[in-house]
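Just below sit the structures, each encoded as structure tokens.
Each of the next two complexes has chain A plus one other chain: chain B in the first, chain C in the second.
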Partner chain A sequence: MIPYPVLITQLALLVAVLFLTSLLVGPAAISVRDSIVALFSGEADPLVLVMQEIRLPRAILGAMIGASLGLSGAALQGFLRNPLAEPGLIGVSSSAALGAVLAIYTGLAALLPLALPLAALAGAVIAVLILLALTGPRGDTLTLILAGVALSALAGALTSLILNLSSNPFAALEIVFWLLGALTDRSMTHVWLAAPFMLVGWALLAGLGRGLDALTLGEEASASLGIRLNRLRLAVVLGTAASVGAATAVAGAIGFVGLVVPHLLRPFVGARPSRLLLASALGGAAMLLAADVAVRVITPGQELKLGVLTALVGAPFFLWLILKRRGGLT
Partner chain B sequence: MTLLDIKGLSVRLGGRTVVDDVGISVRPGECIGLIGPNGAGKSTLMRAALGLIPFTGHSNLTKLSPHARALAAAWLPQQREIAWGMAVEELVKLGRLPHRRPGAPLSDADRIAITEAMRAADVTVLSDRSASSLSGGEQARVLLARVLAQNAPLTLADEPIAALDPAHQIATMEIFVARAQQGHTVVTALHDLGLAARWCTRLILMDQGRVVADGAPAEVLTPDRLRAIYGITAHVADTPDGLIILPLSRCAP
Partner chain C sequence: MTWLARVLTAMTLGLPMAAQAAPERVVSMNLCTDQLAMLIGPTQVLSVSYLASDPRSSAMVEEARGYRANRGLAEEIFLLKPDLVIAGTYTTRATVSLLRRLNIPVVAFKPANSLDDIRDRVAQMGEVLDQQDRAEALIIQFDADLAAVRSKSDDRPRAATYYANSYTSGPNTLAGSIMDAAGLTNIAIERGLDSGGTIALEELVIEDPDLIITGRPYDTPALAEEVLRHPALVTLRADTAPVADRDWVCGTPFVVAAIRRLVKARDAVLVR
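Right after this comes the complex of A and B.
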């Protein structure tokens, strides 16, 4: 087995390489040297604009969103002791999407560019408040999952309702395209908007390793080892909501990263939930950066939506993992 | 010194009183068998005493902070849950969590406790194996090693020997007795009256949520009680090897 520090170094290098690749790939053919120069230049040049205002925020968002999805996926799987858990499970992403869809439908998003991500964040916050009110201070894990599923279903139904009522076909198309998830045309403003929430979420989730390791033995055994389960549950919910809510607000719903990445990396960390956290955050960043490079390379003219690609690649890959597992090869 | 002090403890689950006004006091150096028919309230009593479920009454353990309680008492639940295929040694290491600051490396005391616990539970050879490749009995021994590594003065165990072969059943009881001789105390729920009679220094017999007898095995396991509580007749013999009990048949109610 690869030693843990080596694994982390390799994943970090992979993220760095893919981050650079993401900066260098795009419709505007710019040489590597010019790109690097333009990235740090202070001049008002179209090249500088492309690098600093288009490609840099896109690469940063790709890494941040991927890390959020990977980290919260690993935390949720560890917390629920279920390899099928994913960040969308607690209903925050679908509620954030509903907020965004409302902003598009009402025309607010067209008036004010930031209305869309702000409405999505509001959707995520409301979802968390409902979730916490439903589960209560002593709420158990099952209630949390059921509340999350119910919330997802409700947000999904309301999103469908809005699409249904949308008389303007262009608005409906815009909504559908936004729901597919993408990183095109995002600015540094999006980065600054999402970053505080994500950092808070990461900080909450990163400290959970000890509790998640103990939870391997079940809720009662971990409680008897001194783990405060209520506090752990709250940190998982708030951490996932903050990071994934912000991710959905700026990029739409991007599936499968939070499900597949922890699953893929688990064997490399000896299945230890604490070590899976950082590994999954890096793995998620790498996977999303790679996918975002791929959509630009595969279909340069009309870009494939990022969320479509992750699901398109993620789902068969997941099937393959299941087959491999069934064959007892892992 | 009292390791466990329970007074007037009652638990209601789903509108039913599962544990009814139980009082138990446990001193260092005891190996206590908690016995009684299915549904007598043995598991519920131990979980309430640890503060894992709501109850009314008094238990000294629930006055402690979760961390202090983890240092005072170790708990081996009946449900043998190992969610991920972690290496056996990593699972045993979890028993040292209460003794370690977050992120701190293993101390010498940690290492000794882990090695000792793995040796005692006979899982040293499994050290690098993934938990998912183990049999049920092997998993039970790994979880026992985790509890031993916690090295708390008081250990509460819920049917720890149910999945084990006879040699490992005896080995587990020997470990508990050895712990008791070192001044620790073990309270273990058991269904095997033979093992309970032979190894425990004290038996607590429960029925329908109440303690009906508490004392030395020979005092507790009388033919009348076996008939009244379990509805069985048994062969009881006091031998040089200790008390021997062999359930023979069910008797008419």
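Right after this comes the complex of A and C.
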């Protein structure tokens, strides 16, 4: 088995390489040398604009959103002790998207930019609270999935309804963006809007390690170790909502990252939830950056939505998970 | 069964069914034919599409108020008892074929993709409404206006239209020929986008055009239009010229307003 520090270093290197790749890939053909020079140049030049105002925010958002999804997936799975807990699957992302859609298409976000991440966060908080109320702290798998499907469907339907009712003819076509997610033409404004919320979310989730480790022994055992379940729950709710909410507000609901990444990495960290947190954050960043590079390479000119690629990777993985469980291999 | 005989004769002879007499109850179902019909046969028109009274897309909002508005549904049009229906070739086939089955004559107008097409459509409307003289006068006026507004200098700054969802118009479109008439070089030509297509924001930034022509954004927000406010586009050194949809969405003599607007923007680029 790979030692934990080595694993983290390797994942960090992978993220760095993919981040660079993301900066170098795009519809405009720019040589590697020119790209790097333009990235650090202070001149007013079209090349500099492309690198600093279009590609850099895209790469930063890709890494941050991927990390948010991976981290919250690992935290939710650890807290609910349920392998299916994932922000996309259980309806947190789609509820956050509903909040963001409400803020944008009513014009609120144009008046008050902060309304966008706050509304998405509110959507996500409501979704997590409903889920926790329905499933209880044990997180029964069937209840969780049923509640998640219901929440996703409801939030998706309301999102579509709002977009269909808009008097702007383009709005109805944007249902796809909110349900599948994309990073096309995002700007530094989006980075500044989302980053503070994601950082707060990360900080809350990163502190969960000891609690989640203790929780693997059961609630009573963890309580005897001095873990206060209520505080743990509050951190999970707020941390997930803040990071996933901010991510969804600027890039739409991107599914499967939070499901696949923790599963892939769990064997490498000896199934310790605390170690899985950082590893999943890095793994999520790598997966989303790779997906975002792929959408630009596979279909240049008419970019695929990110959710298409993550689902193409995620859905077969999901099927494999089912087969594995049925075969009693778990 | 006399109507059937008439239909058959009309079909075999290829003649319009509302034979010689000028139509008196004309219903137009398309924004562009609405405006042509109101210009050429104002007293013969009974109803125009609801879009004709939308100030965003129509140049004849005041005039359109004087007519009944239709939403292009076969049922409501049938109840108006028209003796001629004018539609666009892209009007829903189902509606048009249903109206034809109900024995209502329907004429379909192709959209105009160039200034020449505008002259053709005006003349066609003159034929259809039996107002050839009015149409002829309109074309002469149009040509005079064009000659007056057309750019004189040979300098042709590079320009691009940029709409929601990164869409740009090619040279074989009405917008493209309007840019040409205004003395602008459309960068879509170099890129081989003959009838238009999407151009990624970063490609547009690299092209570094002298002038970017945008539409007027809708009052309600949409992400599709966010690209027009992207910091990279705002920082670009190009001038921007918003042109209202109503001035060039339809091939009518009103496009002169769009050409005038672009000539002004072009002159501003040249003195810069």
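Following the convention adopted for this analysis, the second predicted complex is superposed on the first by the 246 of 330 C-alpha atoms of A that agree within 3 Å, B and C clash if a C-alpha of one lies under 4 Å from a C-alpha of the other, contacts with A are read in each partner's own complex, and residues count from 1 in each chain.
We adopt the following convention: a residue touches a chain if its C-beta (ideal position, glycine included) is under 8 Å from a C-beta of that chain, and two chains touch if they have at least 3 such contacts.
Keep in mind that what you see is a predicted model, and the values were worked out from it rather than measured.
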Contacts of A:64 with chain B and chain C, given as first, second, both or neither: neither
I'd like to know which partner A:107 touches here: chain B for first, chain C for second, both or neither. second
Is A:223 in contact with chain B, with chain C, with both, or with neither (first, second, both, neither)? first
I'd like to know which partner A:271 touches here: chain B for first, chain C for second, both or neither. first
Just checking: does A:115 make contact with chain B only, chain C only, both, or neither of them? Give me first, second, both or neither. neither
Quick one: classify A:47 as touching chain B (first), chain C (second), both or neither. second
Chain B or chain C: which reaches more residues on chain A? C
Once chain A of both complexes is superposed, is A:288 in touch with chain B (first), chain C (second), both, or neither? neither
Would you tell me the residues on chain A in contact with chain B in one complex that are also in contact with chain C in the other? none
Which of the residues in chain A come into contact with chain B in the complex? 81, 207, 209-210, 213-218, 220-221, 223-228, 266, 270-273
Applying the document's contact rule, which stretches of chain B touch chain A when the two form their complex? 47, 50, 52, 66-67, 69-71, 73-77, 79, 81-87, 90-91, 94-95, 97-98, 102, 130, 143, 146, 150
What does chain C use to touch chain A in their complex? 164-166, 198, 200-203, 205-208, 218-227, 230-232, 235-237
Listed in rising order, the residues of chain A that touch chain C in the complex are 26-28, 30, 44, 46-47, 49-50, 53-55, 104-105, 107, 109-110, 166-171, 173-174, 177, 185, 187-189, 301-302
